[in-house]
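Working notes, beginning with the structure itself.
Letters A, B and C mark the chains in the order given here, with residues in each chain numbered from 1 onward.
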Amino acid sequence: MPALGTLAAALELELKGDPDYEIRSLATLESATAHDLSFVSEKKHLTKLNKTLAGAVILHPDWSDRWPGNALLSEAPYITYAKASVLFDNHPLASGCVDSRAFVADGVVLGTGVTIDAGACVEPGVSLGDRVWIGAGAYIGHDTVIGNDTVVKPGAVICHAVTIGERCMIHPNATIGADGFGFAPGPDGWVKIEQLASVVLGNDVQIGANSTIDRGALEDTVVEDGAIIDNLVQIGHGARVGSRTAIAAQAGISGSTHIGARCIIAGQVGMAGHLTIADDVHIGGQGRVASSVTEAGHYSSGTPIQPLRAWLRSASRFTQLDHMARRIAELEKLAGLDKKGGDSA
Amino acid sequence: MPALGTLAAALELELKGDPDYEIRSLATLESATAHDLSFVSEKKHLTKLNKTLAGAVILHPDWSDRWPGNALLSEAPYITYAKASVLFDNHPLASGCVDSRAFVADGVVLGTGVTIDAGACVEPGVSLGDRVWIGAGAYIGHDTVIGNDTVVKPGAVICHAVTIGERCMIHPNATIGADGFGFAPGPDGWVKIEQLASVVLGNDVQIGANSTIDRGALEDTVVEDGAIIDNLVQIGHGARVGSRTAIAAQAGISGSTHIGARCIIAGQVGMAGHLTIADDVHIGGQGRVASSVTEAGHYSSGTPIQPLRAWLRSASRFTQLDHMARRIAELEKLAGLDKKGGDSA
Amino acid sequence: MPALGTLAAALELELKGDPDYEIRSLATLESATAHDLSFVSEKKHLTKLNKTLAGAVILHPDWSDRWPGNALLSEAPYITYAKASVLFDNHPLASGCVDSRAFVADGVVLGTGVTIDAGACVEPGVSLGDRVWIGAGAYIGHDTVIGNDTVVKPGAVICHAVTIGERCMIHPNATIGADGFGFAPGPDGWVKIEQLASVVLGNDVQIGANSTIDRGALEDTVVEDGAIIDNLVQIGHGARVGSRTAIAAQAGISGSTHIGARCIIAGQVGMAGHLTIADDVHIGGQGRVASSVTEAGHYSSGTPIQPLRAWLRSASRFTQLDHMARRIAELEKLAGLDKKGGDSA
């Protein structure tokens, strides 16, 4: 239960109001009560200040006249909210111990303060940096190297010879370094191509729950520093995700596709293999990326939902589109518009 | 191997035929043999009765003249089939014991008849209701509360401080309560927002295999009573799934989206964040839901598969659609149809 | 570090060049260095030979005049590459032992050379063939039968009474045989239909990481010999995947749909239930398969990404397509084109 003045000091912000006011937790403007700290991240939410019961609010200094109560003034209120969330964090803490019920091979290299919980399995040749935390039932394959302060949550599986940087978080039931989907079509069926390369995750990488990052066939699959990946995402073998790129849930990146830095890939986007996506590209939800994207910018594909009967007509007409276009061209020819019609668009 | 009369009594149905006839299992009309019980759920399937070898059939009373053999008469044959399936269930039973090879923290609260299988990990502060079954290798995080008769299958991970109601089933490798995908964009990269809230599942909720239900940032992610969720589904932080809503495999619900009661969300549907979906909304497969839906009804989006060359033409024309529409308008202007053309649609 | 001559003998290929040349690993033409073996799988890649530093190359005999260095001549270079990958494989080997820290029920039938790693759980009634390998923390349910040389990777969950053939590989965190999504709509909510059938995987089947293959309600879910399934794929209850069919990541096959042999189902494809897909059908990425496909061939659906503003116009026009088509028809009527216009397409 910190006092507001203590919070201001911890966040290095100017406080407007009562430094002794007690704050119990963080809350949205809508749900905050008297001892909650809330925040306004965008100007359009300022009107919500009229109704909020929050005991204090994180605000941009320019907006301080809109709120008569306790305020923490921040040039970047949303970042301040993120930093404040750490102060109120309620996640269980690491024990700093290797549980006697964990299955740790002889000769594993452990940094200082490593935690390995019950039922976790750490294979021979593994090296874990300082303060690494391997959750209950997680699996760390042979010769894998994990950097300082990285957390592998319960049930996650890291296969052999994977390299993971510092301060990463691998969420539950994620799978890192399973075999890429590589098979040659033979006369008697598919011939498996052994996946000889591995996975390299940089520093500060997040991998969401139940996501899968496959190991490469001949070249490593790479996720660069600061990239964040949500749940149920598939990253194919030999793909590369650029620094600080964000990939939302259920997106799929096929093998050997290289995504640049600072991209935003929305949920359920699908990318074909062997593509190159430039830096700072944003792809909208369910986007169908079948060819490379060479310029930064926002892209989207797909169609919006319609009431079923209207959609059935649209979808049916979609299959006739080429025919429709030819009919328009013929009409234009008849009307003497021909190519000139194109200029009007 | 119950007698038909015993089944009729158990299901509280009128029996037409031989009460001593022995039934060994349930089967479809097509595959049933002499000692199988089958069912007709819809009128359109009545013609299959001519060919079936089933020893008995669950039927609506109105259809009883279509079948001369043994019949169980039910006003709701499909519900009766569901209830009969319980009588023939062959799933392994819970032992009712805590396996000595499970990892159970001191002070965990256990109801009567709790089963915890080998390799499962139950953290401090957990409370498990009567007859709860924690499968092999499952993980139950600190302070999580699970209601009576709920089953957590092998490999599922329930993070800390999650609340799960009664009679729920969490299928293998599902992840409940992992951190939501919350990050603030800072000048030096993404700043993680600690996810301080949790997940609340009501009573009679089903969560499919390898699905992920993220914990909330400031407000709980909620799945209400009787909602059923299939495999590989993503429910983002702070989302809410209404009572008795069904969500099929691989659908994704982004953060803070609220879905009403009794909705049917088909497979691979994607919903953007911060939307509100009314009660009784049905979204067709792969539906792209980018804005709120305020009225009950059936909605769909997307386009049907076509042979590749035809599709390439359709897809190419799609990108020219606005231009095509303008050309039509110009032709109408030339023909003196103008706005009047619109009335014919 | 085999000599090239040894490799040629192992692969049964003609060697052009120095049999004593030492090869250390496999690499792409672009990244190969002096002691790497590389390959040219398609004619279009022959130009890369000009720049490669590879010490030896797998080539079609017809192309041997394009490369002056060491060569392994193969009628099928890509298959040869696959076979060579096995010679350089670096995966950890099975111990051939049952780890004392595994949880193996009494009476489980074990073939010769079975490996069961720490934390794995094998329930009563299970039968494991020769050289089967159950990875750390994997779960094998009651009465499941697994054929010779099959590998179940860490964290995978195989439920009860599943049948798995020989030489299969089940990747980490996959779930085989969880309950199908079967519920009857009752007046008081969904009534669960117990899933009484199971899953049958043939020989040489691959199931990717975090994929889910549900057990059938009344009829088994079947994956036939030689089918290969990538990560995060959903196969619904009672579905059937034909021999040698390949299904890429995040595709979803709904219940009771039967896919033929040798099909290629690309990533994120969605198939509705109760369909029949012919042999040798290829469906492009994100394909929306809502009805049966009776003829072999390539099919696709969806729309390509466009810059956001252009896409917004296309997507908006999509919802007006039927109206546009009617306006074209009216214009044609006015111009006296009527049905004749259709002939021009």
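We take it that a contact is a pair of C-beta atoms (placed from the backbone, for glycine too) under 8 Å apart; a residue touches a chain by one contact, two chains touch by 3 or more.
Here the structure is a predicted model, which is why all the values come from computation and not from measurement.
Trainee: Specify, for the interface formed by the sequence copies chain A and chain B, whether it is same or different in terms of residue numbers shared by both sides, with half as the dividing line.
Mentor: Result for this pair: different.
Trainee: Superposing the C-alpha atoms of chain A on chain C takes a rotation of how many degrees, nearest 5?
Mentor: Nearest-5 rotation angle for the superposition: 120 degrees.
Trainee: Report the inter-chain centroid distance for chain A and chain B in whole angstrom, where each centroid is the mean of the CA atoms.
Mentor: About 25 Å, centre to centre.
Trainee: Could you pull out the residues of chain B that touch at least 2 other chains?
Mentor: Residues 119, 137, 155, 173, 210, 232, 250, 268, 286, 302-304, 306, 318, 321-322, 324, 328, 331, 335.
Trainee: Which part of chain B faces chain A closely enough to touch in the complex?
Mentor: For chain B paired with chain A, touching residues are 103, 119, 121, 123, 137, 139, 141-142, 155, 157, 159-161, 173-175, 178-179, 181-186, 189-196, 210-212, 214, 217-219, 232, 234, 236, 250, 252, 254, 268, 270, 272, 283-284, 286-291, 293, 297-304, 306, 310, 313-314, 316-318, 320-324, 326-328, 330-331, 334-335.
Trainee: For the complex, which residues does chain A have touching chain B?
Mentor: 25-28, 31, 76, 78-79, 81-83, 85-86, 88-92, 101, 117-119, 135-137, 153-155, 169, 171-173, 204, 206, 208-210, 225-226, 228, 230-232, 243-244, 246, 248-250, 267-268, 285-286, 302-308, 311-312, 315, 318-319, 321-322, 324-325, 328, 331-332, 335, 337, 341-342, 344-345
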